[in-house]
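Letters A, B and C name the chains as they come in the text, with residue numbers starting at 1 for each one.
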Amino acid sequence: MRLLEGEGIIKNFGGLTALANVNFHIDRGEILGLIGPNGAGKTTLFNLISGSLVPTSGKIKFKGEDITGLKPHRICRKGIARTFQLVKLFGSLTVLENILLGGLFGPSKNSHKSRTKEECLALLEFVGLSEMQESLARDLTIINQKRLEVARALATKPELLMLDEFMAGLNPTEIAMGIGLIRKIHDQGMTIFMIEHVMKAIMDVSDRIVVLHHGEKIAEGIPEKIAANQMVIDVYLGT
Amino acid sequence: MDLSFFLDILIGGLIMGGLYALIAVGLSLQYGVARVLNVSHGEFIMLGAFATYSLYSLIGLNPILSLVVSGPAVFLIGFFIHNTLFKRLRKLSPSIEAFEGSSLLASFGLLFIIQNIALLFYGPDIRGYTYLDNMVDFFGSINAANRLVALLAAVVIGLVFYLFLFRARLGKAIRAAAQDVTTAQLMGVNIYWVLGLCFGLGALLAGLAGSLTSMMFEITPFMGLPYTIIAIIAVVLGGLGNILGSLIGGLILGLIGNIVMYIHPGLSLIAYYLIFLLLLLIKPTGILGK
Amino acid sequence: MTYSTKFSRLIPAFILIVIFALLPKVARPYTMISLGSIFMYVVLTVSWALFSAPTHYISLASAAFFGLGIYAAAILGQKLPLPLFIFFGGFISFLLALLVGLSSLRLRGMYFTIFTFGLSELIRNFVQWWEVNETGTVGRWVIQVNPKMVYYAMLSIVLLTLGAAYFINRSKFGLAIRGIGESEEAADHIGINVNASKIIIFAVGTFFMGAAGATMATRWTYIDPSIAFNPLYSFMPVLMAIFGGMNQIFGQVLGATVLTLLADMLLTKFPYYYMLLYGIVLIIVILFLPGGLVGLKDKIMLWFKRKRQGYETT
């Protein structure tokens, strides 16, 4: 079942076309990877889906419902959560407070405050941050900040999780931990849409991959096919 | 509507516009380069005005000649204040936004201090002097000579300043710093020296404008704030950070203010504020802003 | 943390409230007047900090809302009883704040600050022009009210303001506002309606400012635009909050109290130097006390703690 669909997405910034007639879909339960050289329009697409930006034209549907142009907080309530390329945490709040905010405002139905706290603590456990509850978010290491951002996103009880370059800035050990975390989240039934530059990670983890270049979709398919696709190879090697 | 009426408004508008342009460019240097939205800017105008007034009253020094004294004096004060107070604030601030906030508040403190010092020296009374108050007939438009001289002086100052910014090596360094402080620093420009210079130059323009003002209007220690506000409006109108823009902004405000004054006196200040607020709501980047 | 119920901390506050409530019976009129000013500045400072402290948007429009309350008292005071026109003062300010908030949503940082300042000055100049040209008066007389009632009214407003600040702080809304101050985009994406939240907290603060204005007007009895919308009412709260410690209610109250007492003393002893000293205090605080008095206290306590730990390890 198609969880998220994009039809004819176009985004112009003044004279610059960031996305030109992009069509895509994600099925429930799959991990869709989004790759492409810098400037291809990947984060712009994320921004259109999450509500930070509004498409110039085109439609975005979530669970069959048109969500094009809705404000970010509404889209979050509908069930889409995301992380950011540059981690956006509430720096001077504690780890627990960060995730609590997600749990208190994100889910479509408000549950009781004490239930929320329990659930958030469980999520902290899930991502491995229980020990750091009271630490300030800005004092965490990069990998822990990313874990927190994911936990906070999960606290909003999404059906679709969008990860924007989760592996950026991580060393190989941390990348392996990251892959493990993503698999763990996926095993719980989450649908995941992820942008990534670290090829090995995204090829390993994704069920399908979409390739963008200069705002256009140039390829789509299972990782093996994409890896063998001559156009994709050319684009990345810059010939 | 005959020519003389039209000229009255135009010349009047240019006189005020010229003054406002000087003040606005001064503030633009302070905010655009040194990133200090200096709400005590008007107090430097006041200092210039009182300097000229004192020199004229005490030793009969020609107000035009006093520009040579008041300008550099106010420049030195401005440079000193920047390289003690604002330099330290900049080093203490975690981000440029934090610095903008704290320097804004610090400049309020300066406003209190400078105004109070002037009050202590001169008292609250309105003062003035007469200089060149004979009327001059220009195609039917009658204006006091001192105003025309002030306009001329403003134009000359503007030209000199323009030449400095675009021809002199130091001026080019300033423009570089205005564009991009970090890169200018990397290219070997001594950044605090340039920032202090810009701040001082901003104060200099204010001081000169103040001296010119004293030729035309009465002065009091409280005269500064209305000018500061006009300067802020002109700077935003022209585009925060754009020096040429603030000049244009000042000219426009002077002309509009004069026109409004003919229609309904007392409304010009309100007109300025309305323009200002609408501008911020519709196009905060101003006319020439990025 | 923010959810624990530490009511034991509130006991000193309850004691203070009782003291203040009983004060009129024993205190001299001068003390009452002094307290009235302190109450006024506490309300202005805490209300201002309600929005501006966590979100880091420095509003310089407090004078507009305070002044509106003053005018509400001047205009409605003849026709309505005290509690009602105080409420209206607050309510009108609240409405204006909603309007201001809605229109200034897209303004960031410095633009927001100068917008609020410009707005406040526009209102002052406009009311001045209106009074002179349309109404024919410059100043207005405000109805006289029994000083004791004024005192209790101000005390009530102070308690309401502090109460609101305290409970908002501990609530999930308060936590959301602090989140907004850290990252508006992140807050938006986790389901917080950032625009609505900012406007609401901004407007709530202005309600108390307006109510305080309406109350204080009865003490001054004569008001005009330059008194009511004096820009000092916009930046004193900022200075007081920074001086006392912007991020805690206790700091805001402390700053307002100390600086009001200081101002009173300076006005009587050194009337000619008062602005000068204020400016110097402001600059010293900005340069050397970024955390305010509370921050200073924390630093001192940390220093003592380190010394003690030093002794223990040797």
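Please note the rule applied: a contact is a pair of C-beta atoms (placed from the backbone, for glycine too) under 8 Å apart; a residue touches a chain by one contact, two chains touch by 3 or more.
Computed from a predicted structure; not experimentally measured.
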| item | value |
| --- | --- |
| Selected interface, B-C versus A-C, where C-beta contact pairs are more numerous | B-C |
| Chain separated most widely from subunit A, comparing mean CA positions | B |
| Subunit A-subunit B separation of Cα centroids, rounded to whole Å | 50 |
| Cα-centroid distance, subunit A relative to subunit C, in whole angstrom | 42 |
| Distance from the mean Cα position of subunit C to that of subunit B, given in whole angstrom | 33 |
| Residues of subunit A engaged with two or more neighbouring chains | none |
| Subunit A-touching residues of subunit C, taken from the complex the two chains share | 1-3, 172, 175-176, 178-179, 182-183, 185-194 |
| In the complex, subunit C residues that touch subunit B | 56, 58, 103-104, 106-107, 109-111, 113-115, 118-119, 121-122, 125-126, 129, 132-133, 235, 238-239, 242, 272-276, 278-283, 286-287, 290 |
| Of subunit B, residues touching subunit C in the complex | 37, 85, 88-89, 92, 97, 100-102, 104-106, 108-113, 115-117, 119-120, 229, 232-233, 236, 240, 266-267, 269-270, 273-274, 276-277, 280-281, 284 |
| Subunit A residues touching subunit C - in the complex, by the definition given at the top | 50-52, 71-73, 76-77, 81-82, 84, 88-94, 96-98, 100-102, 104-107, 113, 117, 134, 152-153, 155-156 |
